[in-house]
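Order of writing sets the chain letters: A, B, C, D and E. Residues in each chain are counted from 1.
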């Protein structure tokens, strides 16, 4: 495959969903069915097109292409390397599954004519983030995605949703501005913000530290890093469930991706380590992990618990980024994959349960496993993966991360991982166990519990089951494409295959 | 020589008068009186300009600055009220 | 110092008038008084300008016969001040017409009273 | 017109007004020869019109020159100024050029001399005189016309 | 000599001509007066574009009024920056006028329309003159004309708030011009010239001989332009004046009139004053801190407003601060940003005022809290409002980002990151007061509670043009930036 073809495909992948958005909008006026099918097709085609880039990436080639300069040295450009590809593939895959799930889920919700175009547009801008060739382009798509996904957050239009949405919006704008500041400083210090030049800033001056902190605020905001995570537990639960799955499963990862780029492209591992910035990140990561898991314990709303769990899980990603050795990077990358599978599955399952029963409180969900065995089965598998039960993928990511921590002689991080796993178990098992083993009859208030419900529809189940299977086969099975990609990525990033 | 000194004294007096008029305009509470004092201020100013060898400015000041402005001020006062 | 001041007494008076005018304009609440003060302020600046152009012993810049060598006063500031005066008059006129209209709405030309009326509504 | 309304003022102003007007016109057309010109002459002329209106009443004033006429004259005067400037361009010189545009200069010291300055002063006089009348009407009538001052 | 040589004067002549012609036209051929105004604005714009092209080819050139060279006559000068200002003024005013034709029918009584056109053309003419002139006294006269006609287009509506605001503006502006003239007198005293270039030539000597004189002059200039352009502590007149005026006037005043004075200050600082003066007195520091305070306080005041137009007016105080920041930073990059912001803000603030005008026209609402759900009934208007606000905040893809980028880069260039923080903090504040309006407009569940008239197409088209322009400026900013960078090189 030639480079020109690859560039065409990349452009297609970014702009096809964006172009489809107005078509979807006009289609929804005609027929809802047409619109839904078009949305599904768009995400499917995007996913397939992303996959066609695979051979190109496996060969180890990099594409860096500039389209035009907005300002001198400040261009709109695209870049494809194994890091971008991994996340692009992951995002389009999850999006495709969520689109399938939405078909039934949104059929009974209002505002589908707004939901689908926004969903597809967000896909385009999200892929734009991953395929951006410089920080400015990345910033543009980042802002675009953040602002547009606001509509997904407030989709329900309840008082609560609007409030959460407002918080989300303000935090997003703060993050965007911090990012902007960081990019300006980077540009000032290095004269460029392109990802294609390797290290932009070579020494840890005060201004560079300021830039790093700004990036940390900007991307950390999106990734739900500790002091900036406040919007996340509000915003994720109020969105429609497929959107929550995307917010938690994919969009959080854009922040992590940004930090990857900051650490490896704007700065370098040497700068990070000589200036001790990795310790800042490490401390924040530890706090994020413990805090997220601990607060999740106290939540009774199932989606809020999942959202807090996301905060904790993103802490793993940050942890790996602060350790900065081969195993840790592999683990981080793989955790991005596995968390996407697990958390999307959990949100979709939780969505199905809420959709069928209308109950959100965990204490009301005893016995649901018998009424909705497949849904709850998927939920259980994903939750067990979350805890880190061996054959599942969550185990592998934690294991690799732990190895990385040991390589860096940071035993304390291993301890943190173990404590967090324990906490995970503590808040997931109380959902799973009563769901299957509590005798249906009455709840603790003495009211009769009547879940007279069927299991979720086939389309919804399909996407959940696929995700659950993913968590199983991408665990310890010999064919593990995400793990291979993670290893390639860490190899690529650490062996200086950047240019 | 004597005329030169006298002219200087006259100029000084005129300027003093200007300052006095300006302060008086600020202090007088009857608007119509203030306007009249202002008109005399303008006329003195015209003379000062004549002394400074700028006859055309003096003329315009006398016609516009003093005449028309005063007319307009009086018209405005007659439409509103007289005391401050 | 005093000699310097005495030497430049036109300038000093002009500045003094400017300050009196500005002070009156900003401290008095009567709108018509403000307008008069504005005129005083402008006139003070014109005085300064004309004084700048004045040459001791110079004649008025009127050419009566061609090519006689007389020391003339610089005519430029004077002619510019003509424009200045006209501008000042037009601002005065416009301000006064505004005052008359304001009076029709509020029944007063005192800014403090206007504020009082507005705050009571 | 409560403040000025008495017989002596009326008679005096009626008597004086024509003389002021003649003087105003004199100042306007001798603008290029002696002190004065469009601004001062126009102001003098306009002031005489205002004087009559102020000492009698608005009807008498309006008989001399009405508000509408004044505002049209005002625009016309300014327009004349601009057109004179444009004529210079049409004659091949810069905007508002005088001698270089070929306006007849005449003899220094004569009434009809100084080319375009004479014409411009004339238009300026019309403009200023009518403007002053308009301004006065604006204040005194308080119609819904805005204060348009140049 | 072809006609093209006279374009600098012809622009002014056409604008002045139409301004004097339109009351006559309005009386006799009523239908022709509006098209005549549009046509002449358009002609002037074409000439301005021609001047720009000419100046890129031959560099700076002058036009002597009446054929008299500088020490005697008035000189009009054209260089890249001036041509840029000229085009901004003419293009934006033409665009606003297209909108105004419909809006004014609603806001004004019919018989004053002719006068409105006169005043509008006068404002434009005086601004074009200020951009072109190379003579201090001429600048003074144009400033006065601009002040009076700007006051008049506020007070033409003749309700109480307008009259009062207009009077306040008039008095403060008279104070401003008084200070300016005194400053000019100070300069004239020591140099004996009014022409910018000649003053600049003689000033370095004069500064050494009469330093106090020049200190006073520079202080007076700052007060004068600060008052006129609503620099922070001198902004008191602006909110009332811009909020109570008819919407096209607000758009004009907020969009252009305050900018031209910022340009005036730029000219005084960098063309007239010698560098030695700027180095000996920390004038730039004063401008920097005043503008920073303006940026912050303007936004903070805007947050507490309940009236939509008043909020937009307070926001202008903050936004003009960016332009002054660019001027004060004394760095080509930052100044490029400042001038770029001048253009961007002219378009976006005018557009926001137009949106407010459409809202008032169709529903009669002025309060922010009544706007919930209006996005459903006035979609295009509110989308325009959204894009304008996005540009105010500095969302990528809009022009606001580019100007902030350059300002921030310039601030870093001279080692003052504190101003970057101020710029970003104010962006955040902007977000805080613009976002709720947009969110409520589109996301409110209940139906819009007020009666809505249909929006005339003539009002929508300018809005659409504005949206396109803002996005265009956000994406294809290169030509303008290059033009500004080349133009600013003359001053350094």
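General observations
Everything that follows uses one rule, which is that a residue touches a chain if its C-beta (ideal position, glycine included) is under 8 Å from a C-beta of that chain, and two chains touch if they have at least 3 such contacts.
Every value quoted in this text rests on a predicted model; they were computed, and no experiment measured them.
Looking at chain A and chain C, the chains in contact with each of them are E.
The minimum number of touch steps linking chain A to chain B comes to 3.
The chain with its Cα centre farthest from the Cα centre of chain C is A. Note: the chain lying farthest from chain B is A, by mean C-alpha position. Averaging Cα coordinates per chain and for the whole protein, the chain whose average falls nearest the overall one is E.
Sorting all chain pairs by how many C-beta pairs they have in contact places B-C at the top. A straight line joining the Cα centres of chain B and chain D is 23 Å long. Averaged C-alpha coordinates give centres for chain C and chain E that are 28 Å from one another. Chain centres here are Cα means. That of chain D falls 34 Å from that of chain E. Residues of chain E found to touch two or more other chains are 145, 148, 152, 155, 158.
Counting partner chains per residue, chain B shows two or more touched chains at residues 55-56, 60, 64, 68, 72, 75-76, 79.
Across the assembly, chain A contributes no residue that touches 2 or more other chains. Every pair of chains that touch is listed here: A-E, B-C, B-D, C-D, C-E, D-E. The touching residues of chain E, when paired with chain C in their complex, are 137, 140-141, 144-145, 147-148, 151-152, 155, 158, 160, 163-164, 166-167, 170-171, 174-175, 178, 181-182, 185, 188-189, 194.
Contact residues on chain C toward chain D in their complex (touch as defined above): 60, 62-66, 82, 85-86, 89-91, 93-94, 96-98, 100-101, 104.
The part of chain C that touches chain B in the complex is made up of residues 9-10, 13, 16-17, 20-21, 23-24, 28, 30, 32-33, 35-37, 39-40, 43, 46-47, 50-51, 53-55, 58-62, 73, 75, 77-79, 81-82, 85-86, 88-89, 92-93, 96-97, 99-100, 103, 108-110.
Within the complex formed with chain A, the chain E residues making contact are 393-397, 401-402, 404-406, 408-409, 412-413, 417, 420-421, 424, 427-428, 431-432, 435-436, 439, 443, 445, 475-478, 481. Of all residues in chain E, only 1, 3, 6, 9-10, 13, 16-17, 20-21, 23-24, 27, 63-67, 109, 111-112, 115, 118-119, 122, 145, 148, 152, 155-156, 158 touch chain D in the complex they form.
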